[in-house]
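Letters A, B, C, D and E mark the chains in the order given here, with residues in each chain numbered from 1 onward.
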């Protein structure tokens, strides 16, 4: 019995010691991890809203949830350049998350796929960058398009799907269109003309 | 897949090898003269060997008893020629071993023992006396299995026989000895059968013949009618191994002999037609088994025929009377090509279980180009015992005998159907025999 | 055994992956690219060396009966440190390796070395053993990833290697490719070993 | 008579005429009509693909056997059949290296690594195909060559797809329209419905082989000629194809329709795709199918169930190859648990 | 959780994202204990049992001890101002939970059912270091499943593992009789077989329950 108590004591001490060490490490690493997360999001937001100032992209909440972001040209949040939102759609083998940026008229100006675990070599081609090019060819198609144009060719739309990966292509396309329509509803309609942004 | 709709009476599995019976089926039985010398093994049956009661130098007459039965499951052997005992020593036996044998040099007289004579009072014999006579006449199943007949005719009281089957199926290719016997000695066969029925008193008696011998069916039906025998003569569709006891019972009665059991467990008893005739001889004529009908055939024999030969005549002697061997003779078998045993010498004697001497030519012999099993399942379809021969083969090959036992290796009747159809030429029967041996060795060691 | 051997045995003769078939899950899971493989190898080596050292240090004070739970706690601590540090400083790699970073805890190589070696040997030898095993593991991972990335993606460490004309054999970066590659590699090694012996 | 020692051997001393080479070459012969059909429908390119697949299979088999120091047994025809079946599972216009690599994989890793003929647990040709499909999916799913002699009213020419592909695409569009009303243009919906009805009326095309698809799978008629021959020779057991095709028909009839239970089109599903090729020539592969009668039924039905699952809700338009490969994996278990009753073991 | 969601989790865990053929979890026992069918079945049952249990207990531990929510027990017991975020301790917490769970289960089974202990007993100690167990608890956390979802995923992942293990064992038993090249015998051929099985399981990819 004494033995058991001794062992429990040793084990307890070791565990508490370990937890303490980890607490310390966590204390140091946590800000860094959050910083990394923030950076990643910022980078994505910037590729969605290329003309916005990195310091002037503000989230818009609905309850606890961020429903979209507003991007401004100036650090003092003036000169609205557009909105960004996260679109989610069920792909072939994963949920595909895309961050999409639109200008004030509802025209897509940038996008970045945040998460996808599609079939390597097929579905993942939605992120494929062709040899000698800079951006993914599939995503490039969306730039300049509006909600009504967004459907894959097989469904009668203008987006050329990735060969052999219609489901992934369709998931991205449809989720973006749905997100756009939702955004439009929230905003009560896009404006007819684009804001002039002074560079 | 078997089309079962039309098969009236049958058993599962089986094969249809070419029959090749036309070589001898129309040739009447030819009686061969007694040879100058016979070699009579003291054991020609399943059970304990007999003990010799003669000595070298003794003179014997045809029908003289040479041995004392070695026990209840044992029968004596008798002199098949008259002459002098030259030697009592191990000699090659057609089953492939050396067996103590009594060698008799003939005197050319062919003198018969005075005891061999018709018994006018045979009808008064009790069942016990009949069995005794059958045993002392040296009767052992003439179909090939050579199990002592008197034992078979003594079922224990708790297992009454309600169906008696006379086996004239003769499903082995080439063999026609039983066929000719039925055609030429139908009355004697029926008489022998009547004697056995008298002992057993079954409800039902059947004479089973494959339908490639319709003439025999007719003759036997007639003979049975004349004898006033209350029995059916049934023509069965040709299929190997129809003549195997368990398969025959299944085909005729639909009953399955349980695993490890005997026909009497389902109230049946099967006797070969040759045995029936020998029963008649033993009981009515008091004549022991000194000769038998043998089919000498195959493409390696010059003049295939059915012959009545004395027990103990050498294969060489018999073959000489059939015109000798042809060029290209490749295998000499005792029995048919499916279950027969290949002989390495022609000096072996004809024994009580020798239904045929088949000499195959090179072209007929199964080539054994062993290939890998492609799991085609033909052996499974062919096995009349419902086994998976290929599975057992692989288990035996890898010495996994416990599993082989689970897969039923002991149930194998060694009919050869599996190996006959195997496209890979695997020695399936060989593996079965080896597996059975090992498994029973282990079982004995365990008990 | 010489000190040098203590280190080199892990590389080939007692390679934890190829020779002992240990630590298979991360080996197969993250060997679809060399980048992941290197990251995983480093993380493993870090945990192996440090846990070996600590286990060797405390081996005299630990009651036999509870040594395994204590080893596990020690290992889990280092694994969590790696996890946190990687999340903070190499987020992409952290994302790519996924749950296989925390799963280093149950990697049989580490517990196996702690139990079989560090618990019985000096600190220095344990350190060398940890390094050797860690490098051996990394080497195995690297070899697998090298083959799989080149064939399956036409690239090496993310750089196009076989040119645009090469059509990558996708199956190599899918799960079946991992199984087939390691199976063939192990067979090849058995064959080479046997040839060398005879 | 000469005194010599005769050769002995164990019984039985006779055997029927069958041998493995004979079976294999006759299976190859039974596949010939479909092969000739492939060349007729898809042109000389098909012959070239078939030749490459067969040559590569034979070469790989011989090379490995030589390497292992085993007797070279390519004359037994099994490698030939594997190459042939693989070629029949390829689209007409694959690049030349596809059949070569596919056959090499099929023989090397599908068969020889287990010790060669008789030991492979899975169908090598199908493994080769699944390997190619996973490795180079685009090459394996593009059917550009329209078959000679017409297509299903032209719809498969413009899209270059097999009937099952077309069906899946059309059903996807309809499903899309159902879950998100108003998003898919009405013209696309009516086009999808038109495709489906056209497909469902194309029995003639499907039967004679005037549809897009893999080389050897399109003509049900030519395949059935070969199958009839194999059945006559008793090289294949009816249980597997009957169980397979029967369950596919039943399940597609029950669940294949869009208007509720038992509104599907079983005949279309039986005739389309590789079902007939798979059911008669690949699921029945002796080495990789169960040996017991009951096992064969379960195997065939299992193939049917998985095929229908993949066709109706899976990621691929066709599920024949995968279903057979998956059922191959169950064969040892099936054999073990469906042993036939040993004579006399049944309760009376 | 909706029944359909649970069905999707199950189908995914058994077929599409099978622990062995797709997620690479539990490979050591998969290769090690797949030589004979009987032991494979025993191992499989033990894994299903422990996985289900571990999934539920780990969810409880995570939800009430680690997550920074108002249901955190430390928040209530220590009267903290904000719920503490202890998720960084998940690895150490889960592995301790699993280790003690296995010990506990072993003891209970030994006491209550000697027959079950005989069948599962020898496999239980191996399970602590089976990464499939820790793996499933971490996956549940990653996927944000609730309690029922975690339990279902734990159970069905175990089923998927067992399916793979039993199929493999039955095939390996047959391969014992095959003429596999000498250097490939044992573990290498098991890997090749696993690769071929994984190819067959690709057939399930993209399965959608609508």
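Basically, contacts are C-beta pairs under 8 Å (C-beta built on N, C-alpha and C of every residue); 3 or more make two chains touch, one makes a residue touch a chain.
Source: prediction; values computed, not measured.
Under the contact definition stated at the top, the chains bordering both subunit B and subunit D are E. Think of each touching pair as a link: the shortest run of links from subunit B to subunit C has 2 of them. The chain with its Cα centroid farthest from the Cα centroid of subunit D is B. Most remote from subunit C, judged by the distance between CA-atom centroids, is B.
Here the two chains linked by the largest count of contacting C-beta pairs are B-D. Chain nearest the geometric middle of the protein is D, using mean C-alpha positions. Subunit B and subunit E have CA centres that are 63 Å apart.
Per-chain Cα centroids separate subunit A from subunit E by 32 Å. Rounded to whole angstrom units, the spacing between the C-alpha centres of subunit A and subunit D is 44.
In subunit A, 15, 18, 22, 26, 30, 92, 119, 121-122, 167 are the positions where the chain touches two or more neighbouring chains simultaneously.
Within subunit D, the positions touching two or more other chains are listed as 109, 115-116, 119, 131, 134, 137, 315. Contact with two or more other chains is made by residues 372 of subunit B. Chain pairs recorded as touching, per the definition above, are A-C, A-D, A-E, B-D, B-E, C-D, C-E, D-E.
In the complex of the two chains, the subunit B residues touching subunit D come out as 1, 12, 15, 17-18, 96, 173, 246, 250, 255-261, 266, 316, 319-320, 324-325, 330-333, 337-346, 360, 364-369, 371-378, 380, 384-388, 390-391, 407-408, 411, 414, 416-417, 419-425, 427, 429-430, 433.
Subunit E meets subunit D in the complex at residues 37, 166-167, 170-171, 173-175, 177-181, 184, 189, 192-193, 195-197, 199-210.
Taken together, the subunit D residues at the contact with subunit A in this complex read 137-138, 141-142, 169, 172-173, 176, 180, 183-185, 187-188, 315. Residues 176-177, 179 of subunit E are the ones that touch subunit B when the two sit in their complex. Against subunit C, the residues of subunit A that register as touching in their complex are 3, 6-7, 10-11, 14-15, 18, 21-22, 25-26, 29-30, 32-33, 35-37, 40, 119-122, 131.
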